[in-house]
């Protein structure tokens, strides 16, 4: 479904991605691993067209999207729940959710999807008329994911969704991601919660200094010595 | 008397109480962890202590002096340093200059501030990056810079807000090592963190809150096995 | 600027500073046109060549800013080596140029700037001929008020600028002398959209007459809104400027009817050449000149006259020639005299004019009037 | 490094002292004096705006008060307007204090707009009050005509201003100011009383602006409220001068002033009716393509040439 | 009593004349966070368009208003697309450099107008320019009354547009976080361009409403910048209802100030109100009105 081939990307004159290749197949749950600053967020932003200084091929369902501007990528059904949530702080929770469903198909089902999101995150329903900026960190994260779901995505990209969440919410969020995946949405996830994600995912890629150094099944990597030492700190 | 004491503090935003009648003490030299679900009011507690806004009611004492009405900048002078959950680096200043700004609290001499900063930059393992602008650092280092800058003000009480969030296990271990080093130098610390492994490892006591009120306070093991904490915060798989 | 020094040998340079861009550019350009027109006429008459040297006009743009006026003066005097300066339009610029001219011992002939101060400092290098001190615009008006109208109460409204304030001060002083009660006396900031609050207040004081000093568009706003408020008084007199210009009539429409004003010049004055100037200007530039144009036109004549009479074309020579000026111009006879604390100041002739049936008629002084005064003016409802 | 800087400063100073020996034409010298005036205002503004990040749109207030101090001394006490050089800066500083207390309660654009409003308030007050001679302004007779004299006074004022701001900027206060500019919350958490330090920056800024205002009055010999408190021609021009040269740099305002004055006069003298139009276009182009001024653009270029590699993409910092 | 009534009526009507201009400002400043000192110049452009329509094609100013809005919309789009959008991409020490850009734009627009139309004052005389109706001795200007109703209509429309339509929400979303809006599939540069365009069109409409009763010249716009700032802050940044209420409050305050203090201090009333609101009511009227 998503094929990335020899992707290079830079900020100004500083190159951060070097010849990155990976793929995500339809219905899969793929994880990107890597230390801080390895370039995970950069990869995701390259896909969704926010980082423009790049070369290489990004193919989504057969079409090359590498040259598309960001907003057209979203129109393809790739929805990115960004690092740091990036909500619209002065809009209400409900308006934030509505902003998630701007494309015709999603808009047609707006009411139903909102209901589903509220079922997933009851706290959002409770706070639906509050400004998003006044939510606590965890609530904001839920809203960000909810907003992503509103678009009825083909491919859902999540960048560290568990960041700053309480343990119970972390498990909840992972459960939800898993559930979304099982409902047929393809998921590409970046996480620091290495043990947990590796045990859940189908496949994973390991990134170091902007290069893919390893790939494999989740369980398989979990037992890898290098991974154990560098990421699990065992 | 304890080094720090909060008495029945309340903070309301609009009608909602983010912190609701919370009381706790911190003893000299200990590490107090604060846990609680998202939106429980942890960061708000820090903001109250550092007087970013005044409490709706209640009293806060530090070294037996009441501090809840003093201007925010005096808090640091009194000996309370903090970091921010959402890091706030002084972006276009170098790492060293960031730390110098902290060090200037205790000296007026540029030379002294500089040497002090160098010492602390080294202590936090940032020497390699001391001439880089703060905006070019990755998150892990920015968080460490927050700690370094707060340390430079020579606090007696240091408040750390999710300094390990977003770090991978390996990096958080490095962060923990630094925090332990700080404690060993005799500083008192209040720390907020969601990663239980970290909290269990370094806290002397843990305060668990929900809806702005205390659930329980005590030894890490006791708190972690408190049924209400499990229910509201840890979830069943942690039990 | 050393190349220019060599060139200055065979031409006589005269520097003229005007606002050619910026918000005062309308008048600056009108004056520039009038200067040029006069120059060409004088050239045709062979007066612009003196001892084999041609008079050359150097125009500098001050954008209506005193900073620029200072720079322009410096440039003209020190780089272009002009023998004398003329200009400027605004009082602010003229003030600065006057100070600079005085300190550099260069003759300055003021074209328009009307601040009283300019010729009240005893500055021997500063001359004001075609322009009057603002407080003297009303000489004819007071004659008329004394002889015909004899008001008991008056209201003064004026824009808070140099010209407005000087005019109001002058009017107030004269009124006090005569025991006329000033029932309303306030400045306003130019450019307001709504004068009704002020006018409504004036209306409650019910004055015999209103003396208003306004720039162009404020003038028409004030009379239009007086009409809208149905504020009737026996006579509204403008203090010059805004109330006499063609645009006033155009913008105020019927509300301009019977509004009077004091002024320095109208096309129908009897001074020789005035009518020709007006007609030629209209023919040449397709626009009607107002008194600013006449001032510039007359100033050009004064300059050429003085330069022709000067014993030598040095600063002192020109100063002396200017001082001895006795010339008839479209603005009337020009002489630089010292009186009432003024130095090198021509005694201005002033007029009172009134809009009647869309035409600006001279109603005072008696001997030059083109139409009789309409007084008291009918109420708005009856016009 | 340090020695080199010192050497350069000394060379610059000697060159500056020698200017009247080289430029003898009064007209050119007049331009240079205007440059000195604007360089001083810009440097003073830069302390608060460039380093402290408190962008003031109301510095005309201080300029005007300085100028009026000189004018009113002459008008009422009939003493030499040169005494204004003493009274002007003091008056401006005294006015600045309450202004600071009021406006520094606001941040960012709100602060900028409040200062804009205050500048306008002063203009309206000075237009309507009769003690200030209202709209008529104050005209004085310049006592000294030698341009060289004005040049050296102007130079001394600029040198004093640059030296003082340099000292401040490289001390604790400077670090505090920059930290306030970068993140006020962080600064507060580090124990910096932000309002106090903003005022500490405002007072000298107002002082020197007032000083140069008084000098301006002596030099130009006439002011009225429209000139002295002008929003576009003073308050905004100051910012333009600083932006042009490079905010938060020692020499930026001076370079900016030189360019501003020279180009402005060149355009005025040569371009005729289109001169302001061209100037406006130039402003747009400079801001769009040199957001950190000429010095900023040059250092950026320097960086590109010098620094090619290095993690983490960080640009090494030039001294603040 | 008549005097007081007359002042209040004048003030309310005057305020409503400011309202549309301020509405444009609140969209550009409040929603897009751009301090736009070229706003007045755009009002001026709108006025000239209306003027030309009237003189060349005999178009009534209330119809010319639509032509002015279209021209100003395009002009605003161009300014945002080719100038401001380029500027926000480069990083600078002081974010306020964007203000200076708008000053440059103001100079350019004003001088272009001057080259075309010279500095002459121009006005149009319509049959209703001076029409008034009297209520108990208090005069009400008909064109101002028309302006009042048009202002209310536009405000209501804009309010509904921003809160009820997806495009309106996208505008607000883009203002708050450009990149985040892109993640949602919003073409955020296009949105900023449209927003600036709409803001400019409203400003031009405000100018057109003034034309029957006022006059124009190239610098006329400067009269409106400060007023629109005051109103925008007074009403609360980005609040449409705040803008119109703020405008009317400012108009009334100016009017009462002119009557009871002095016309010379009229503008002072507004400015002092401005500073007081900044200090003591930082959210503006918005805090009361609730968007």
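Quick notes on this structure:
Going in written order, the chains are labelled A, B, C, D and E, and every chain counts its residues from 1.
As a working rule, a contact is a pair of C-beta atoms (placed from the backbone, for glycine too) under 8 Å apart; a residue touches a chain by one contact, two chains touch by 3 or more.
Please read all numbers here as calculations on a predicted model, not as lab measurements.
Averaging Cα atoms per chain gives one point for each, and the point farthest from that of subunit E is the centre of B. Centroid analysis (C-alpha atoms only) places C farthest from subunit A. If you average the CA atoms of subunit A and of subunit C, the two centres end up 75 Å from each other.
Centre-to-centre separation of subunit C and subunit E, using mean CA positions: 36 Å. Separating the centre of subunit B from that of subunit C, both taken as means of CA atoms, is a distance of 74 Å. Counting partner chains per residue, subunit C shows two or more touched chains at residues 21-22, 25, 160, 187, 189. Each of the following residues of subunit B touches two or more other chains: 92, 138.
Each of the following residues of subunit E touches two or more other chains: 93, 111, 114, 262, 264, 267.
Put simply, subunit A touches subunit E in their complex at residues 48-50, 69-72, 74-75, 79-82, 86-91, 95, 98-100, 102-103, 107, 147, 151.
Those residues of subunit C that touch subunit D in the complex are listed here as 1, 20-22, 25, 60-61, 63, 65-68, 70-72, 74-75, 77-79, 91-92, 95-96, 98-100, 102-104, 115, 117-118, 121, 123, 160-162, 164-166, 187, 189. Subunit D makes touch with subunit B in their complex at residues 170-172, 175-176, 178-179, 182-183, 185-194, 312-317, 320.
Residues 25-28, 30-31, 34, 124, 127-128, 134-137, 139-142, 145, 220-222, 224, 226-227, 233, 265, 268-269, 272-273, 275-276 of subunit D touch subunit C in their complex.
Only residues 166, 169-170, 172-173, 176-177, 179-188 of subunit E touch subunit A when the two sit together in their complex.
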